[in-house]
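A, B, C and D are the chain letters, set down in written order, and residue numbers restart from 1 in every chain.
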Amino acid sequence: MSERTTPEGELERQFERTVAAEARIEPRDWMPDGYRRTLIRQIAQHAHSEIIGMQPEGNWITRAPSLRRKAILLAKVQDEAGHGLYLYSATETLGADREELTRNLIEGRQKYSSIFNYPTLTFADVGVIGWLVDGAAICNQVPLCRTSYGPYARAMIRICKEESFHQRQGYELLMTMMRGTEEQRRMVQDATNRWWWPSLMMFGPPDGDSPNTRQSMAWRIKRHTNDELRQKFVDMTVPQAERLGVTLPDPELRWNPERGHYDFGTPDWAEFKRVVSGDGPCNAQRLAHRRKAHEDGAWVREAAAAYAARRSAERKGAA
Amino acid sequence: PADLFAYCLMLGDDALVLAQRLAEWCSRAPELEEDVALANIGLDLLGQARPLYTRAGEVYPAGRPAGVPRHVPDEDALAYFRDEHAFRNVRLVEIDCGPGPGGDFAATIARLLVFSSWRLALLSRLTSSTDPVLAAVAAKGVKELAYHRDHAAQWTLRLGDGTEESHRRMVAGLATVWPLLDELFIAHPVELRLAETGVAADPSALESEVDEVLDQVLARAGLDRPEVRPLAPVGGRAGRDGVHTEAMGYLLAEMQYLARSQPEAVW
Amino acid sequence: MSERTTPEGELERQFERTVAAEARIEPRDWMPDGYRRTLIRQIAQHAHSEIIGMQPEGNWITRAPSLRRKAILLAKVQDEAGHGLYLYSATETLGADREELTRNLIEGRQKYSSIFNYPTLTFADVGVIGWLVDGAAICNQVPLCRTSYGPYARAMIRICKEESFHQRQGYELLMTMMRGTEEQRRMVQDATNRWWWPSLMMFGPPDGDSPNTRQSMAWRIKRHTNDELRQKFVDMTVPQAERLGVTLPDPELRWNPERGHYDFGTPDWAEFKRVVSGDGPCNAQRLAHRRKAHEDGAWVREAAAAYAARRSAERKGAA
Amino acid sequence: PADLFAYCLMLGDDALVLAQRLAEWCSRAPELEEDVALANIGLDLLGQARPLYTRAGEVYPAGRPAGVPRHVPDEDALAYFRDEHAFRNVRLVEIDCGPGPGGDFAATIARLLVFSSWRLALLSRLTSSTDPVLAAVAAKGVKELAYHRDHAAQWTLRLGDGTEESHRRMVAGLATVWPLLDELFIAHPVELRLAETGVAADPSALESEVDEVLDQVLARAGLDRPEVRPLAPVGGRAGRDGVHTEAMGYLLAEMQYLARSQPEAVW
């Protein structure tokens, strides 16, 4: 490395100028190893989250109570698979290997969003996931549309567009259910109670406990702190809850006219740590499901590869 | 109108039940691309079923299941509140071809190949149906089915001509679905009556066309037509008569349970 | 063999005297090879029928619509497993091997009653199987309680007792359903329509086409011809159908005062032959189910055998 | 009476849901003797659930699900017309331990060992319940549970000390069920209140007794206690609070579908 110090230093300054100017880093551009590693890790975790995130909602596709909802839900879960695909592609532009990332996921070496380690217990959960979980995801992701790495930013633009669509659909389902029977209103309230705190945890630990934030912000990978995003989400969501007619399960939640924001209680960070470290209600189930799908499908992928290799050899033989 | 009602159900039930089976794969497919593809096919089929049910409800309101609250649209009344014996789908679409224990991806592809080749031939004819809704559903459907058939054919080639294991599984998958093939070409009296007035197509007229397609795909994939005998009907009755396999009851229980548990609910 | 001609001849006369005197042949008694083979085949087929017969009714245990019916049905299917066990034991007294008989079943070399190759489509089928299928089985089996081979006869006494109990329970379920809703009555009639002809076929082909009947009757293994038993079943069942309020699906069915019996139509013997030869609606499914259970359980049976062998070796070592 | 109602449901739901899971084995067991044995155990548990539901309905008629026709007995109204969140069983009994894809015979035996050891300890205490029905159910149940526990223990020995394969599977089976163990000893407020009046038993008092039994069986079978962490509740709530695993909805759909499809029917 030392022999290339000068050009490397030049490249690094170039990189920093690009980032500072809010321009995009592209796959062929030079980038610091730490930037590359951070991005691969972050995008892979995001991809894993989309893939694991298919399960909680996928759990209701075969049982959706109307054909319209069945179609909406199937399309949504399909979109999540699609998001996973774009994001894995973005990691490939950074030199990562999808098969390896998948192994990292199923062997528990890389994380995915902990929110998916909670079960979906009623059809209202489908709506609440759209409203709260997709809502929180959008808060997290909108700034990523301006992230410094080009392929990631472009993937996020597409993903955010689809997620807002999902969020509106989720909220609309809940609105419909709230206009329905007493039991349906109970289901919506119950699902809200179960998903509210985990949704707040989606923004990560409080800023004081978030060691990677500063570097990521300098690199323009990240643009807001966890607590800023969390506040934004709460401020956005409280009026939506009111319109819906559900109570958010936080007795400390109230408008603070001085701050111009809602005050809210402290999530149970001990629970957060347990779930992140593998002890949520569904961690084992989600990973086992993914692992089984991957292993059961191995013979198919092998067959496709063998077939492609043979065809390609034939074409070369013919040429 | 009772005939047209029944015919819309036949076409709609084939699509809905297979969509339900394909949805079972969601998050379980061998690769993400296939999760996307199978969901897409399921969505196309759901999209065909819905206007067919609506049409059924429109032409023959007496066919709507009794006791379903009025706010439930016809499509849902028909999909969620009919009992097993009132479902008119062919038995091919209801059997477990995976991801359940009854099959695997190869059996799913084998079924999709057979089903889409057959339904493409059927919808092609229905594009000129004298019923405008059937004609419209068919016109949209032929494009979709052409893609489904192509997708299934591509996989049949890959699996038939992939590895030893995939070849073995594809042979088994074909053997799973082939006994259900004959039923696709047996004309129900409703179909015959409606074929005379240009509303429906006589499925028995599709056999040679479908056979040719299947033979072509199998030959290119290095696979033989399975030598299996057709699955017998029960006292002469099969799917189109509302007589199904034992798999159907479980499928409907899962699909209809929530809707039936809360009939007054609004979704 | 020739050297033992005289004692053998004596044994054979002894055997024939025993049979003619309506006394019992016991496992240690001499018996002709044909008698032994016929018995093994017949008892094994009967055992297989009990085992395969668990499936059509077992199909409704998890879905039975009341706890009482669930308990009755589970107990009934359990009894069928028990019947299979007694009957396999009876074949073992004739020198047969249960594992080999099971292989004969799952590899399609030995038959089971073709009636189980029809699907159970509604809960009414559970009742109709009790009423018609168990009813027909009892007609077939009551004479077997006096069959010449002791262990078989004793097994049949126990089995017949339990089967009449099942038959009454099935009929009672139908009676209850007929007092219920219109839809329930439709279900009972529909199930009756589907099971009536297959039940008549349970007595086997018409006497003219039943080659084994004569020898089996001489050996007192069988005591009535197929057609005699079929007539008896029809005569018994028609009044039951009337009490129930269902129509038997046979336009030719009517009382014949001259014969003192009901006349009835001819079953579709072509269908019978197709189902017997493997082409019924469920033949492949029933065998695949049994095969899967047997294969999935292989590791358990091997473990039990290894454990038993080790314990037995330890006991010998200790002795 | 609402407490006693809830407590009867807890005990009844544990029994019914496990009976349902055991019934899934029927015609699928590794040998005929085991088909008989598992059905027997399921029947015993069903036989415990029924008087518990009847007692629940008797002491607290307001708990009967609304809208169920009057001819439906309390036991069926409670078993078939309650929604998932009203089921009070521990999560151990509802998970798929085979014959579904979630387990195998070893996992089934592992669950039965844990469940029967625990329930035997629980019912032993309830034989002196001040509620006469609970005491009677418990008195009958202890004999049954002693057999269930013995049966499970015998198989644990055979599988743990059988072949390499069976040992491996038994280890995996224990790992499947062990995360659900802790929940068995967490007292619900209803249990605590009723324990004070001598109606119920405090499950937290059973832990050392059950642990001892399990340790003994495992030691004899050459198996270690799995090192797995307990399955987390959801927002502090688990089975006894009506918060279940995702498996529960499918189980109820299958179990309740027919009864709910035809609520006016008489069975």
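We adopt the following convention: contacts are C-beta pairs under 8 Å (C-beta built on N, C-alpha and C of every residue); 3 or more make two chains touch, one makes a residue touch a chain.
This structure is a prediction, so every number in the text was calculated from the model and none was measured.
Farthest chain from subunit C (centres taken as the mean of C-alpha atoms): A. Separating the CA-averaged centres of subunit B and subunit C is a span of 37 Å. Subunit A and subunit C have CA centres that are 59 Å apart. In terms of their C-alpha centroids, the spacing between subunit B and subunit D amounts to 40 Å. Counting only residues that touch two or more partner chains, subunit A has 63, 183, 292. The residues of subunit D that reach two or more other chains are 83, 101, 253-254, 257-258, listed in rising order. Taken pairwise by the contact criterion, the protein chains fit none of the simple patterns, being neither a path, a ring, a star nor fully connected.
Those residues of subunit D that touch subunit C in the complex are listed here as 16, 20, 23-24, 26-36, 39-40, 42-43, 46-47, 49-50, 53, 73, 75-76, 79-80, 99, 104-105, 157-159, 161-163, 165-166, 169, 254-255, 257-259, 262, 264-267.
Subunit A meets subunit B in the complex at residues 51, 54-55, 58, 61-71, 74-75, 77-78, 81-82, 84-85, 88, 123, 173, 176-177, 179-181, 183-184, 289-290, 292-293, 296-304, 306-308, 310.
Note for the complex: subunit D touches subunit A at residues 83-85, 101, 179, 229, 231-235, 243-246, 249, 253.
Only residues 83, 101, 250, 252-254, 256-258, 260-261 of subunit D touch subunit B when the two sit together in their complex. Those residues of subunit C that touch subunit B in the complex are listed here as 59, 63, 118-122, 183, 190, 193-194, 197, 271, 274-275, 278-282, 284-285, 292.
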